[in-house]
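Sharing a structure here in structure tokens format.
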Amino acid sequence: MIEQTVMRALDFTLYYGDFKALNSINMEIPMNSITAIIGPSGCGKSSLIRSFNRMNDLIANMRTEGRILVDDEDIYSQDVVQLRRKVGMVFQRPNPFPKSIFDNVAYGPRIHGVRDRSRLAAIVEGSIRDAALWEEVRDDLDKSALSLSGGQQQRLCIARALAVEPEVILMDEPASALDPVATLKIEELMGKLKRKYTIVVVTHNMQQAARVSDYTAFMLTDPERSGNLIEFGRTSDIFTKPLDKRTEDYISGRFG
Amino acid sequence: MEGRKAGVQKRKRQFDTAMKYSLLFAALASILIVLMIGIFTFREALPAFRHIGIGKMLTEPVWRPGQEQFGILAMIAGSGLVTLGSVILGVPLALGCAIFLSEIAHPRIRALVKPCIELLAGIPSVVYGLFGMVVIVPMVRHIEVPGNTGFGLLSASIVLAVMILPTITSVSEHAIRSVPKEFREGSLAMGATRWETIQKVVLPTARSGIVSAVVLGLGRALGETIAMIMVIGNSVIVPAAANSNPLTIFLSRARTLTGNIAVEINYATGLHQNALFATGVILFVLIMIVNSSARYLMSRGGFKVQR
Amino acid sequence: MILRKIKQRLAFSTMWIACGMTVAILLVVIGYVIVKGFALINLDFFFTSPRGGLSGEGGISSTIIATVYLVITTLVFATPLGVGAGIFLVEYADNIRSRFAKKLVALARFGVETLAGVPSIIFGLFGYALFVSALHFGFSILSAALAGTCLVIPVIIRTTEEALKAVPDSYREASLAMGANKWETIWKVVLPSAIRGISTGIVLSAGRVVSETAIFYVTLGGSYRTPTSLMSSGRTMALHVYYLAMETRAFDKALATAAVLVVLIVVLNLIINSVSRWLST
Amino acid sequence: MARETYEAEMNSLREEMLRLSRMTDRALASSIEILRDRLFEQGEKLIREDEEINLVCYHIEESCLNIIATQQPVAGDLRFIFATMQIAMELERIADYAKGIAVINRRISPGDHIKPLIDIPRMQHKAGEMLEMAIDAFLKCDIESARRIPSMDVEINLLYEQVYRELVTRVMENPRRIADAMLLTFAAHNLERVGDRVINICEKVVYLCTGDVVDMG
Amino acid sequence: MARETYEAEMNSLREEMLRLSRMTDRALASSIEILRDRLFEQGEKLIREDEEINLVCYHIEESCLNIIATQQPVAGDLRFIFATMQIAMELERIADYAKGIAVINRRISPGDHIKPLIDIPRMQHKAGEMLEMAIDAFLKCDIESARRIPSMDVEINLLYEQVYRELVTRVMENPRRIADAMLLTFAAHNLERVGDRVINICEKVVYLCTGDVVDMG
Amino acid sequence: MIEQTVMRALDFTLYYGDFKALNSINMEIPMNSITAIIGPSGCGKSSLIRSFNRMNDLIANMRTEGRILVDDEDIYSQDVVQLRRKVGMVFQRPNPFPKSIFDNVAYGPRIHGVRDRSRLAAIVEGSIRDAALWEEVRDDLDKSALSLSGGQQQRLCIARALAVEPEVILMDEPASALDPVATLKIEELMGKLKRKYTIVVVTHNMQQAARVSDYTAFMLTDPERSGNLIEFGRTSDIFTKPLDKRTEDYISGRFG
């Protein structure tokens, strides 16, 4: 059913202190596609997506079991800096740095040692183009990123993530802070990006998952409040003939 | 029934209006005070400006009230040098501390240290002065330089540095902490280390807040009175180096603008008193300039800072 | 890669040291004052007045009384004015339509800003010129309290403003939408939610009065006798420390008084913290 | 259970389907009585009443559209609405066949039929039974039954063949009544078509319950 | 224009409809050739190919379902999808008639027809023309044309009556060939039904463009 | 088409300073029904709904033309306190006062002079029941309202609005700050409330408007950026056969 997988969670379990937030997740993220993760609040969507690039490492009492493989290699046996290069992330609220548009996009390449001006400029242009923002900012690369609208900021953040040439882009509710027009733009952009990248997106908005994604994962907490993966499959199947009763009830709005 | 209700409504409305005007009056009290301060200090200072001349006051180094010589250059130099000294000593420490508390420290350490720093800010200046007199001055006295009594700019700078430390620390810590967490995550997610994140994203973002914290500390240093009187020696001389090492200038005794006023006002009369008020006006203007630049920086950075 | 990590190590150690030094300074200052000071303290110290003269003999009872006296008087003047002004600036100022009133409001704001930046010695000068000399209050609690009022008004206004601004607008809208008028809304909804911030502001002001020295040095006189009326001269504890240190050179007594002062300040800090914690739950 | 309005709308849709199926069933039964007993007046009534069935069907379609537009159903609910819409169309068509039989009755020359009507009512009986079972399966989402029903169509087809052959024989004996014979064949043909329609309904039921498209015809 | 994926899906739906209508059209045309020229092999091919048409139709239905479930269309788009689904069903049925004609051809005794086929091809011609026009109206959302088309059905009905009467006459002359005559009548009947189906399509087109349900039958 | 109207805007125009935010709105709010107001951001939905109970009076440079009638009487010739009693309001973010649950609901009646304890208690219970919250809080009436969850808080705010016995309840995006479950609860509640009250609701969420409302008003800004009422009608008509092309484009997500 799945073509080629980029990332793979194997019996992945995550604890915050004594609390088991994720319970033995098994999941494969197919390449060059959009995978949506849906589920009620607190079911561990963010915890899961933040595990893929080890952003959860920042949390003091976090502990994991099982494995996550990126490119068939355990994430904990890779260098975290390299991993995060490969697996980029876009956050819920647009968070461009208070620098110029150019410097925002050049941030990543510079960190990773690109100094050459013309190469930087090329990377910046390419990334902003890929993020479907070039036409809007081409003449204002020196303006502060904060002067952009919310939707533009979010696309800038995507451009920033693209600039380090990731394979996967994780997005945690990338449009939930945006108005409907900007949301639509982001959704269209995701559709374009999947030609070159693999996208994993968490969303509260079922319609959004339905609209944009190729695959959908549905998560739910069990009685101990740990997050479980209930169903994973093609989005069109999940939304027309889900296998699990709970998936059906959730997507038809019969509970949280 | 309806009539009674209407009556209640009407009374309520009248009360509402009455309250509004009483509150307006309260709000105007502060401008009234400012006006009065302006009028009274300036009225008292005016004869000094007229008889001595503002230029002369600012450039004359000699202050001998008995001989009607009212130059305050020495005091300006004293205030300036002691402030400079305190900034040099205090700012690096304060900033290091602020960065540590907001970015590096474990929350538990932070919870312990933060109240301590607040406490440091609350300790009366007279206590610092006293501490300076009994601890720091004797220590400074050990430096072998001719004429060194321990009282002087160095002791004063050290005391003042400690005094402005909490202000700068807490204001800049606030500025650093108000850098949204998203910026940090954004940077880390691109493969930057924590220090790179602090250096390249957090500090630049908090820059205007930090700068204004420093300026705020500067203002506080300039306005400090009692502690300065207690450790600076209060001699009306333009500080000068005692030997070939220019740094020994900090061992010189001096007097600050504020100290000048406080020490002499209670017994001054006539033109002497006017001159002291004039000193006050000049000090006031100086501090207004510093403070408004701090405010400008803060408003530009978009950070709200308490106190 | 390794270089990047070493850089981080170095930088973090530096910060550690900076913070350690700051804490050390605090411990040394407070520790020194308290250890040295408490060596001299006994009950008598609290219950006898200073005897004057160059010896620095006696305790601090009259200075405690003067301090309390001054704090209360100052707050009686400053609290209504400060809180009232704060309420006006937050609740009414933005809804004013007439040009003239708008100018007044702008002026009031300017006043608060300016007042907050005035160094305390200027308040002293002003108090000396107006209350002590021009109004002939002499060196007295009254003069000092009025000068002190100028000092703490901006503190109270600011904290009141902050506290009121922290009350979500939605509370006001909700109340108005149910047909309450402005004052009802402020009295029943806004002030109760802001009381915590306002009261910490007032305690903060008390702390300022206790620790301020320069203003009172030039307005309160310095008599070591127990004040009997508003017109009495007196000396606060802080002032007493100054006199002991500078004029009588009685450093041991000064340290003892300073120790009491520091403990008082610590207690006030604790009050602020616990009051805000208690009110926030 | 959340979304009460939505549930209510879905339920009223279900009820309307039940109503439509009853009306269709009744129309089918009465059409054969009409043909057998040459009840012209009742025939006219049936023809008139078909209009009503069409209206109910339109109404169901409209409800489906409204529910989709306003409630955004997915998964099972959405399949239910799709199935409902298609089944409503089939039912309407079955009612059309009933009406068609009444029209045929009008055109057959008055008096006795060219042959006694035995197999045709049997066909109707069988078709009616199938229809009822299919609707039942639809409302109960009974896949088993939906899968079984199509086999019953074989019988109808056999009966149809028999009617057809018998009529052909009769015409050869009595060529002048060829028109009536043809009309009767059409009537039987209509009933045969009803069987096919019911099979379609069963296909939709299976689809509704499992999401799988099957061909049972 | 926003929602590009959505637009793309809608467009591909449109294209598939075009494809389905072409296939149906071709099937209809070839069915008459088959009948007229007794092309048994081609007939078998047509019967086999009907399966393909069914698949396309299922596929369209599935796309409609997916678009509704994932894209939540409303208003015009939703009506388009509804209309598409129903029209696809009608087209599939028309293709079934074509297949039916091929089956009839198989059952008619080999050799010449009982009468020369002139009116039946004419019927087919007319029906094909109507079908093409209706699909055109659908794709262009041309209400005018959709409203005009049903009047063309009158001609088909007249031709059908003529074929029917003629066949009845022939049978009276030659009762032994009644079976063939009946089969030919069924073929003509199928074509007549095609006309009705096209009218249904036109109804859907009007509905699609205006949101109003009309009865043109 | 419309049964009985409670509120009616007649050529209502609203200015903020020189900026015309609403342009000649004509609209009738039918009794005992839910009217949804939809439209892109900044089209004046909030401005309109806040005009109905004169909440806009608080804005200094606001000026109106035309009229709004509530119960056939111009709102500006009614006492504002009485008007706001009649036309209650629920806001975007749940905003219970930091008081006990009981005091929150009793706030309105007390303001309006109800002192009698038992009567207050009866009003409070009735309102909380109507807001479908009674079962959840009956034993905790003395607890702080802030201890409730977001969705419960919003229902409490609705109860608070009901306590002064309004005829109309205005809601400005009442569920946009809530999670999907709480949103659903609020929607169901609205469905129940319309038996006794008339509800006007602003929402950004088209699906929500479709789900809950009986009538829908679609607003849009013209080239001068003033808000205009484009179409008003039964929700089922608006969502299946809108008359105006712009309505169609908007509800099918083709812009804003």
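Lettered A, B, C, D, E and F in written order, each chain numbered from 1.
Simple rule for what comes next: a contact is a pair of C-beta atoms (placed from the backbone, for glycine too) under 8 Å apart; a residue touches a chain by one contact, two chains touch by 3 or more.
In this text the structure is predicted, and so the values were computed from the model without any measurement.
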Subject >> Minimum number of chain-to-chain contact steps, chain C to chain D >> reply: 2
**OP:** For copies chain D and chain E, work out whether under half or over half of the interface numbers are shared, and give different or same accordingly.
**Re:** same
**OP:** Just give me the whole-number Å value for how far the CA centre of chain E lies from that of chain F.
**Re:** 52
Subject >> Rounded Å distance between chain C and chain F, as computed from the means of their C-alpha atoms >> reply: 47
Subject >> chain C-chain E separation of Cα centroids, rounded to whole Å >> reply: 92
**OP:** Hunt down the residues of chain F that sit against at least two other chains at once, touch-wise.
**Re:** 81, 181, 184, 207, 210, 239-240, 253, 255
Subject >> chain E, residues touching no fewer than two other chains >> reply: 2-3, 6, 65, 69, 72, 74-75, 78-79
Original post:
Which chain B residues sit where two or more other chains touch them?
Top reply: 193, 196
Original post:
In the complex formed with chain B, which residues of chain C make contact?
Top reply: 4-5, 7-8, 11-12, 14-19, 21-23, 25-26, 29-30, 32-33, 36, 80-85, 87-89, 91-93, 101, 104-105, 107-108, 110-115, 117-126, 128-130, 134, 150, 153-155, 157-158, 162, 181-184, 186, 207, 210-214, 217-218, 238-239, 241-242, 245-246, 251, 254-255, 258, 261-262, 265-266, 268-269, 273
Subject >> Residue ranges of chain E touching chain D (in the complex, touch as defined) >> reply: 54, 58, 61-62, 64-65, 68-69, 72, 74-75, 78-79, 82, 85-86, 89, 164, 168, 171-172, 175-176, 178-179, 182, 185-186, 189, 213, 215
Original post:
Given the complex with chain C, which residues does chain B contribute to the contact?
Top reply: 12-13, 15-16, 19-20, 22-34, 36-37, 40-41, 43-44, 92-97, 99-101, 103-105, 113, 115-120, 122-131, 133-135, 162, 165, 169, 193-196, 198-199, 219, 222-223, 225-226, 229-230, 258, 261-262, 265-266, 276-277, 280, 283-284, 287-288, 291-292, 295, 306-307
Original post:
Which residues, counting only chain D, touch chain A once they are in their complex?
Top reply: 1-3, 6, 72-79, 210-211
**OP:** Please give the residue numbers of chain F that touch chain C in the complex, ascending.
**Re:** 53, 55, 58, 60, 80-82, 84-85, 88-89, 91, 93, 95, 97-99, 107-108, 111-112, 157, 160-161, 164
